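Chain lettering (A, B, C, D, E, F, G and H) follows the sequence in which the chains are written, and residue indices restart at 1 in each chain.
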């Protein structure tokens, strides 16, 4: 798939240093590892230097352990998201220095120590206290990727002065991640106050007509402020990943 | 249904000044008038002094004219909402002094001249220019009911300073009607800034995931600010009616 | 944010009794307290004299306790909504005179003793027995705010005479809160019988096509009776808060 | 399919008066007529004596004419529903005595003259004036089937006394068809007042959160009053058909 | 509310045998009993002779017991629906002869012994085995009301011959209740085979895009067969109640 | 992308008959043609011999003409779907022998003359007359692909005998395409009667709670009969394409 | 129902070897067995040789056992889907050689040993590891029907090279079943790569705006690649059944 | 609101060069202009140098002209989106050099001539020809902001080779905007191929179960590829605005 590798491979075929069948084989064996139940993809980590990520929900503990092992053997940094305490304890058996971030429900093994960009910050902002768990998924993700985070929590629009008091911090950020449930209006307000991209994360916090985050999601998609884009409900990880791509340049 | 009238009626029966059959008849003939296609209800107007209201959508011009005529004959103030230009022209034939508010799509005949409450104001606020039509339905309704209105238009949260510049006017209002489409975040923000009831009117302005006002509706129902209640999408009339009930005491 | 304080502050700057940096600082420190996971907002209580409110759902017991503590230290009246028995027991440790309203799921500490308005009543009406829990959230909220409540329970429209028997009480109320699940028709009927604002609270009571309160919510938003506004599904608190704003004038 | 015919047929085969191939053929040729684009089903009319019905929407004028012709040739009573003026004019060419009910959008050819049940009445009730078109589809259907109808229009719950004034007529009906848009609460209220089956017809009348009749539909399905069953939005015909089945016994 | 009683009452007032205040009082005291959390309505039972019904879901055991007690004291037949085993055991304490129908989740106390109509039958039909629980709610309801029921279970349209084998029984019924989950097609097919009213009950049986009964509900509302009306998802009781109204005449 | 071509290409590189840059270029130029607004893909036609297809909706007449021209120049068979009369007239200018199927809204240029499989038939079945337009899109598609079609129209389940009369034809088909709107029950019934794959096409025919085909779609997805798979609402083309893949083997 | 049997039966009647009453009886007793709660249908198995299938969800253990017993007594192959461990243990009591496939949640008794078609393969493809459970339901179903399966798991489009590496296996398959949750894009991509029918199975894997599989379902229904048809969310069984019909020819 | 201006203002108050009332006034008059129906916000343009933007839909021609005039008088660059030909002709009267991009429905007056970032590119990619109109809104927006755009149109996943042929161009982009209707799978696939942020724009192109773009929206929100964020359906402008914020740094 990768243009440079393809050219190199074709050159080897031309020179005769690679047979055609080997080349075909090679073309199919871009770096991923087949565990049967999973094809562990080492591809992206090689290209962009981000840690490898395991989405733990819906996988058995044994599956998570197997995937982790395959990654450890390559010396990768690893981030496990949506991990229960039980999954963490399974992973501990094969990765004794794994760390568990309970509020974020994240397992981190061997996080990146090199800063992604020393002068840039991601602000992670929540509307309420109950949104913190999703915000922490974002913050821990970014930190595992080597990125500095500024946490600004519980500044929902019902008490606007709480938000305005943080204006300096907001405006210093290279990207702002806004995490909000209920009506999710915070994304629009922050979007109007800063001149940097805002990534909005609706949360499933709320009740009744919040429909598990649908209300906040629609609010954010319809934001009257420009510069706001949206990820899935409760997807703190995805917001942080996108933010890190912007940071990295 | 009305307790005092029922007592009076029973008294007449007791005294013999009313026969039982007459009483039964009377009980059935609370003030409404049967036009076949409509039962014009003069009941509320008698009780609370508000004008009579015709919701024109889905009625033929002849039906609107017939209902208007029945009201005029009782000397009522009349408000016709959701009225097209064509309906207005029909009404003009029987009510030559009827006035048409084009942006609000309202017909007004003989509006209340007595102020509902001289010292109280309803602020009608919109997020955008496109919401003005719904806001005007609210404003014209209140004015027809004898109520002073303060229009504050195009102060959506994307440019928060525009809203904050109107803080004095907002805080002087006895009730605030917030009219907003797209993501409808304005209701929450205003709700956090004032200490009076906020009536939120979602509008069908927007596109895509606004789903004709559903996004704004959900936003407003989930408002993190207390003191916000909601009426139907585009229901400027309903918001003003409720506000006038609050004003009147 | 508050106009008078801003003017006072600017006056101090003008007189030199406040430095610019102090003023800037002051502007940012409108009364809220930062606990990290929460920014406790004492702002509204100062302005309108209502108790401080904690929405307990989605917060850990420690977070609720921490927020309660910050409020107690200011001598506030406190209302905790959506509180489980466990949360209450946690709060008891720091507020030994806290009271738990089990049906309402509310914790009350130091309720307002001064009446909000001695001559006005809020009627809280339910369609069925199963709606009582939400109604009690409304009633306890209002009572904690110092407001008298008239409870009228189980008067759904399927037995209209039960409702009509309460007509006197309904018509004496300054505001009527209608709490109904299933098809929620009670709001429209009450709206047609009284001449005061009706705040409709859809509940999640029902099954099948009630879709957890959606049916009642839509019914209430489409009410053919004027004067009805709506809050979120099961939001007894919000209805009472809005009602108290109307009562207070 | 019909048990008696099958027995008769088998008897003929047994006796040898019908060959097997003829019998097979017969079994396939229950009374319907194949026009290519339509298989006109004369089956039901034979069995229950109701007129034949053409749902005109989505059919070309030529198709409606073709189907009508096939029916006329059998001397059937015919009801065409959802028919535009244009379709009617097409039908007139082949059925000069066809009558058009404009409000109901129904074409009637040769209606039943025999009463379905002389002592029973169907009450057709509407909440508002705008619901009359759907109600007329129901009323014209029933009348074409030979059934007497009592029209009670514009008695929505916002003015309860208008409805209660018709209590006698409602209670005299053998079946009550309630036609209502907006929030559709009328079905529940009527259901609580009568002791006969109520067939509820939600209409698409309304705006915003009525979602083209969805709100009324959900209201009616969740009716807290027993004895209410529901047909599709705007399906006046279906309600009348079901009612006539009940009348007929 | 009742016309005859009102006339009688007025007569007494006329004759002086009833004072006005007594009459007013009387008008408010149509037969219901106020338990605070419930207003037990003895009204309908008096009028139509059906048992009194308690919908148990969402009520505490004590509330169900209290309501049952009030009914027992009037010697009523009682049907408790959606009752758990625990509720039944509570009821047993005050009604030792109460019977529990586990599959139907119904409690029956003192069922009607007089037949509603000796020559008429309600057929209760299910598409699958999993729909039986809802069907039993219908069947037990009808039997408690004194009505004979013919159960025809597991005759879904995927094996049409199973259904056709029951054609005789289907066609003998005065009303047919069709209970079906998944795609709910059975209602349309039965509707096409019989000439009596069909009451369709969608069930929440299914998975994925059945959306807890929504698919079956929509299918039934859109039935191409005439004579089908629909009740709420899983509402076996409602279907039987309506059917009994039809039976009773 | 194609394995054999890749091997051939690599062989040429190995032999030196192709330079690396040429090979890279080649790899990018699998057979499609870039018109700027469209990349005409000749790839599939080469592989499976099916005609090339243009989905005309949302394209300008000039765009359709441009794409058609590119295809004609390669001598392809062409099928244009969702084409208005206007589009057809545009295409006529460059393809004078193009044929327009009005009911199907299809343009056909140079249809396949060779039969796809001479002994296999696709049955295209509709529930009603109004579904014929979608069915014709399916039928014309199959015929343009060289496949014989058996049209069985207007055999909806409300008159089951009409369907059963066609049982022979249904059972002779290799694949059955069932086209139905409203409640879409026909797919389940046919699925239970035949032992071949059924492709169900929901149509947008219906009103009210059919929600433009959603009801039929859900019905078909939840079919209790096995062997039924579903395509998008009104997607007659897609059903026929899939059927032809099955036919072709 | 079956044409040939009907002919044979009629012949016997003609010859007098079967009485009319016997014939009628016979017509009603196509092979199914009535257990009261279930009518076990042996019809299909006789016709197409597929195993008999029990959908276990929503059935009691005793019901599943009863149905299994009826099938065992006829020597059928049996597949029980959606079976919990508990159900399996119940079945073991009457079928000691029953096998439980835990990931697929399937019970298999006496699977087909004869190959459905020795030269054809069904490829079962998943986007992720979490989709495997649904894929296994498909694979076990096909294998129980005597069909060879090629499992290709965890090849979602986020790492396209993982999918392309399996291109050979994909293209060798006679039918491809694509199992994917989250956004379900894999179906479209595979649909574009192969020239055989693709059966898409959306899964409920995902969170937030996946709405329990709705997102994947809509994706697959709207697939821009032709040749893709869709079954219900998580319906691995249905996909395999349809695939086997295609294989069998 | 702006920190620096506030400090400056306070300094002037301190020095006495500004009175308190003037300062208050100033605080309210951040740069916006009040036209009654609109408050033209010059704030953002001053801060980030982007053109001023008018969303024309729902505004009258006179309103658009009035707003344009206010902007022209400040010498601003202006972008009008969702503008019909009629609106453009109105604008021409006051801005004779205004340019209309018909496919994008954009009016541009005095576009930015200075490049936003000379070495960075935004790739705008569409799945189909019908998505081009939305893509052009994005492209014209970016170009009006001074940003270079690479258009890659009609590379949907059904013909994957068309997309892979553009891999070089995709990977050269600083940000990729993916515009797709129908099932919207392109966003996930592109997200897996590039290491830069992807902004996904669902379009309303499609039919049936695309539900006007809902299907594509859900697909994109659930993307299994990381680095994808989403804007509203058809919101080409919003995607380009966000992209430009990323470009600008």
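As a working rule, a contact is a pair of C-beta atoms (placed from the backbone, for glycine too) under 8 Å apart; a residue touches a chain by one contact, two chains touch by 3 or more.
In this text, all values refer to a predicted model and were calculated from it rather than measured experimentally.
In summary, the chains found to touch both chain A and chain H are B, C, F, G. Of the two chain pairs examined here, B-H and A-F, it is B-H that is joined by more C-beta pairs in contact.
At the far end from chain H, in terms of centres built from Cα atoms, lies E. Chain centres computed from CA atoms place C at the largest separation from chain F. Once the centre of each chain is set as its mean CA position, chain B and chain G turn out to be 58 Å apart. Rounded to a whole number, the gap between the C-alpha centres of chain A and chain G is 38 angstrom. In chain H, the residues that touch at least two other chains are 1, 27, 44, 128, 158-160, 164, 193, 208-210, 214, 217, 221-222, 226, 232-233.
Here the chains touching each other pair up as A-B, A-C, A-F, A-G, A-H, B-C, B-D, B-E, B-H, C-D, C-E, C-H, D-E, D-F, D-G, E-F, E-G, F-G, F-H, G-H. Per the touch definition, chain B reaches chain H in the complex via residues 128-130, 132, 153-155, 158-162, 164-165, 205, 207-210. Residues 6-7, 10-11, 13-14, 16, 20, 23-24, 27 of chain H are the ones that touch chain C when the two sit in their complex. Contact residues on chain F toward chain G in their complex (touch as defined above): 1, 3, 44, 47-48, 53, 164, 167-168, 171, 193, 195-197, 199, 217, 221-222, 226-233, 237-239, 241-242, 245-246, 249. By the touch criterion given at the top, residues 1, 28-30, 32, 36-39, 41, 43-44, 57-59, 63, 82, 202, 204, 212-214, 217, 232-235 of chain E touch chain C in their complex.
Within the complex formed with chain B, the chain A residues making contact are 127-128, 156-160, 182-185, 188-189, 191-193, 206, 208-211, 214-216, 218-226.
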